[in-house]
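In what follows, chain A forms one complex with chain B and a second complex with chain C.
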Partner chain A sequence: MVQYGGDEVSALVVDIGSSSLRAGYAGDDTPKSIIPTTYGYHRAEGDEAMDVEGGDATQAPKRVKMYIGQNGPSMWRAGMETANPMVDGLIDDFAAIPPLIEHALVDVMRCTPSEHPILVTEPPWNTPANRERMAEIMFEEFQVPAFYIANTGVLNAFAAGKGTALVIDVGKSMASVTPVVDGFVLRKGLSYSPLPKLVQAHARHILVTPTPMRRGIELLPHQLIANKTPVDLNAPPRFTLREERLAGTTESWRQWAEAREVDEWIQSVAGVLEQGWNDQLAAQRPPKPYEFPTGYNTYFGGERLSVGEQFFYHPQALVASNPNLPKHLPALISDTLRSCDAELRQVLSSNVVVTGGGTLFAGFVDRLSAELTRSFPHAKIHAPGNPIERRYGGWLGGSILASLGTFHQLWISKEEWQEHGKAIVGQRCK
Partner chain B sequence: MAASAADVRSILSLPEPSATPGPSQLKKQAAPSARKPEGISRELYSLIGPSAPSLAALTKPRLKQKPNLGGGAKIKWECRTFKNNARQDSLQLRHWVKATTEEETEYPFAKYNVQSNVFTYSQDEYTRFLEDKEWTKEETDYLFQLARDYDVRWYVMYDRYDFPGGVPRSIDDLKERYYSVCRKLVRNRPWAGDETSKAQLIQSYHFDKERELTRKKYIVSLENRTPEQIAEEEALFIEIKRLEQNERRFKREREELLRTIAGIESGLPDIVEDEGLMNLSIDTKKKNKRSSTIMDLDSPSTPAIPATPVVKRPQTAKNAAFDAANCIIRTDPPATVPVTKAAHQPAHLRSYKLPVPKAAVAPKITAALAELGISHTRLVMPTRDNIMALEALVEATTTLVETKRMVDKVEYDIRILKSRLGMRESQGAEGQPAATDAMDVDEGNDGGEVVGEDGRAQSVVSTRSRKPARRSMSISSVDTSGTATTRAGTKRQKRG
Partner chain C sequence: MASGVGVNDMCLNEYQALKLKKAHKYIIFSLNKELTEIVVEKTSSSQSYDDFIADLPETECRWAVYDFEFEKEEGGKRNKIIFVSWSPDGAKIKQKMLFASSKDALRRALVGVAVEIQGTDYSEVAYESVLDKASRGH
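So, the complex of A and B:
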């Protein structure tokens, strides 16, 4: 027990991301509960009954009823709005956080939060106010005996077994490059941008814009389609809408559902060329078929490869027309390395950790390593092959950290919280 | 359906064994095997029987022990609260431990809570030693607090360094201030230990900012090389390696040449290894130093031209006087042999150093020496002088024998040529066909020579017989000095 440095105190690890919230026991290799961060809710209209049904909880005064979990936003409900508490990787709407965490811990994991120390993760660019608020939620609402907040950059490095690493994390809404030295994030070297959003917008643009080959594609979710009949390739779809649902469909839910359709398409069809853009090579790649919920199906050729290109290269015209264009990955990496000490550059570039669900994009790691070795010939990339490890690297690192015997002196106990107040969070969680 | 032994017997029409029935047979086998000592294989035991040596019983083969995974007995685990001594508060966490462990043991991980020992200083100390016009006390305090917080991890400290109202400082500024304060504190505080440990401690806080900056500049310049520059650098490196190799080969060849030519002609055994070429690869500083030492030791003219062999004369006058007084004679190690372990000569008796003649001429030399009544294989008193004398003698004898052989060969050649001349003359005079007469003339000439030239020519024909050989040697030994050139001359002629 002592040899391995592990000492499990049945701590819980909660990792909140833009797309999903992960929770589980420290020491496990996979989170026990993974729920979408996006939730559905009904606006307050008079005084509806607040009956708790299934995994739903009612907390916020504005939201009468929240629909959380696997059957939350993905289930169509008349008049249901969707919302996501995260903005640019940071928690923006703290009112929704306690119900989400409670759903994950109590309804899915069936455990009592007040009995377990809880480790929560935060993105490297988190604000002190945010982390203090999180501590407050944990101590005041969940009555946890001990709490700690750890940086996802550091945790991802730990999950890869490294104390010093350059963590490249591409999530659902943010892409970040974090230098970690001896288990500490170098804040001056941190760089991040909402790059995945640009990629999604680009994909959406490809799909809905009519081309000479095809009309614009209707991104209708299957929840709104009553029936459909198979059609030939590129033929106009034949389907009937659920007319009765259209009236009750809110704009926010519609957006969420369309974004999901785009994501599905990206995950199954989109890719990136390993060695940089080349029209000839792109034409050589086999086109991929895809069928939308409407029944419309077609092949996607070179355009599917242009989607991934957004991660690595932005044409001059695009940069000129859009001053707020998020920086692409090579720019983020070179920004980070330039702001680090010359001595550190070598160490960091030979310890690159690639993590986050966005990096599961087809061809992403190959292209990244090609881009990296162009400027850093000795760069070495660590990218877990296991998709669970890749997507939930932050949670996994937290699971490792919170099950270490030497870590237990770092917990902020309830006693300390009551004695020192919010200041203890910044002091302890450096 | 099982066939018994009786069935088999009846099928094969074998007689029923009356004396030894099946069960008893089994018993007989079981009885000795029960006494079989451990550690002897069954086959071996059946061969050697009960008279097994006790030694065999002792050497019981020890196989790898099965790991004890604690799978035997049930182990009871308990969920207990524990107190972590590394914590200041009274937080009690719960973990599972074996029920057999004691209740009040210290938390095993508490001992890893190591605090970094960063210096602290008082206001008085600060005003007396640590004043610096670049730094205020508040900022110094802040720096030291950061060092405590981050255990002197400089990169992290520099990253978090944000002193309100302070000037922007580089990581080297921080390091310089921190280490200078540490040095001053160590120097000025009362020191319990000895001076060396204090000096060591001060040395460990040494920080040279200028050097660090130049080092970092160098790293940056290394990083900023263009691919072309890197390629050029690599090409140059390979070129240097190639040149070095060439130099080494030249050196080796020249050495060989020196050993063969210089060793024989000058008779100087000590040829100093030429160091000039070796040093080409080493940096110039070292080279200069090296060559200057050679200048001091050797005659000043020698090291300038690396091709000339150098005689070592390392002895000073004082040493020489000492050696003479104590009858010490120093021999230089053979410099032609590379200085390796294999070339090292251990202590030895001088009788081992008796000269051995060349194998080809050894019997002749032995014979020649025996004629003088000397045995070259054994000396009554093998002192240094004696051995040198013997060496000279053997060498002279070798030369003698070889010269004699040369002379014989030349004379033989002369004879043949003479006979041909005579043959041609007789042809010209008589005008007869040469076929048969040439033989005759030859024979006649041969015979004439034998008769006229005494035993000298005879010895060529009958070298086997010892007596004439010896005689011929004694004759030819008169003009040894003259033969060397002729020998070389004839050899060249022959080859050409």
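So, the complex of A and C:
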């Protein structure tokens, strides 16, 4: 049995995504600490040759100075590289995880992890080895009194009030469709792809490619710009670069900063047509103005709507030329539903839960609804109107669950961990 | 995954009374104030389906079982016990989470339920949609 009383100290909830790490107290309705998962780092001196790709960096975490949090990657530092421990929504570089969690819990929240039970979330496609590693980090490095790992698919379904639901989650790097039945993920029906990356690549392509109307846009981040003078619409930008910084700017930081500029643009300007692509309709939509950090500003017309199209439709030519193209949402949804029997298909399609920051894309839910009702006239979509609930649905579900007095029966206590070891994780956290 | 919420013995007693003795037409279940246990909120023998619907609050979650009686197309009466998870869109997220993660405990205790319905608005629990589900395949 668990030793501590479940409601005496509040539990902590940690939800790690590709774009941000969310942490906070169970029972709260928003995470107290939201930090970027990407971090900056300096290689230690005399270690120039160290290969930082993939797992090699994990061999020497102590030799590396990390810059984490709000003043982490976004602050320019000479020679600073950036890295992200996540690959396809799963933790790949575990060496970076303890410092990230420690920053969120200790530096931002000012709490002592060894005094609180911790609930961590995991994506539906997480591996057993991965979740056991997370348990190990929590018990051995953070000395937590109790631990639980909960599936974001189930948490999102529950937070929408549904035990059975089709959870469509679009994040920073992955889009997934998860069938949840009576509180459990039906693993054979799970579909996912790195679709959001394709959307980003498409947006970037639009921006940097010159058109007859405008020059290719320089995606320079504000950190590299000393000053700029306002210019007229479509006029060449007038700005001065911080020349002294150019030499010390690493390729990985530059890529990260440029991707951020693209994201900013997507969030303010991009969209999708509600009823499928139509040149005329796209041309009728009002163009939107956008100003880049260089001062260059212009209007974006129909092309801004072609960005969202990537979520839902890929032209034949594109599919033929790229066999590794990530599957679009209608394909993921039909893969999932095809693997379920007819009766369940009906129930799932009338209980669709939409979650994840990527679904806040302008016009996304309306378009999804149009695509779904084409095959399932009774489809019903549940999409929280509150952007916080949508963005942090998994965290919020975990927060409510971990705050329940009755949930203490499910926690894995430190004593149980010491007695049973890794096997207990798979037994308890189903 | 489940919330760990328990089921009060009265839930099963009243359910047996509905199922075996036909003592009730429907039962409404809810959670106790401490949110530790599922309890019977109301039993009723009203024959009006509208009364049942009226007992599902607009912005709060409930569970219910209903002894649903209907005519088969080829004639002859049938009874089926339906289980409703009532989680209206207007309910607070905490309550939705709590009810969704506790449902299994109650549902497993009730043997003999023929049809299960997840209701988020009144159209999904309307007589016609329940009839449609209840008469399917029989």
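Going forward, the second predicted complex is superposed on the first by the 404 of 430 C-alpha atoms of A that agree within 3 Å, B and C clash if a C-alpha of one lies under 4 Å from a C-alpha of the other, contacts with A are read in each partner's own complex, and residues count from 1 in each chain.
Convention: a contact is a pair of C-beta atoms (placed from the backbone, for glycine too) under 8 Å apart; a residue touches a chain by one contact, two chains touch by 3 or more.
Predicted model only: the values in this text are computed from it and were never measured.
Look at A:406: by the touch rule set out above, it reaches both chain B and chain C. Shared-chain residue A:184: touches chain B and chain C both.
In the superposition on chain A, A:313 makes contact with neither chain B nor chain C. In the superposition on chain A, A:415 makes contact with chain B only, while chain C stays out of contact range.
When the two structures are aligned on the shared chain, A:430 is found in touch with chain B and with chain C. Contacts of A:9 after superposition: chain B is touched, whereas chain C is not reached. By the touch criterion defined above, A:146 lies against chain B but remains apart from chain C after alignment on the C-alpha atoms of chain A. When both complexes are overlaid on chain A, the residue A:382 reaches chain C alone and has no touch with chain B. In the superposition on chain A, the residues of chain A touched by chain B in one structure and by chain C in the other are 182, 184, 404-406, 408-409, 430. Of all the residues in chain A, the ones that touch chain B in their complex are 2, 5, 7-10, 117, 145-146, 181-182, 184, 186-189, 341-345, 404-406, 408-409, 411, 413-416, 419, 430.
Against chain C, in their complex, chain A makes its touches with residues 29, 150-151, 154, 157-164, 182-184, 347, 351, 380, 382, 384, 389, 396-397, 400-401, 404-410, 429-430.
Of all residues in chain B, those touching chain A in their complex are 84, 86-87, 89-91, 93-96, 107-110, 112-113, 149-150, 153, 155-156, 158-160, 171, 216, 219-220, 223. Contact residues of chain C toward chain A in the complex are 1-6, 34-36, 61, 85, 87, 89, 91, 93-101, 103-104, 107, 118, 120.
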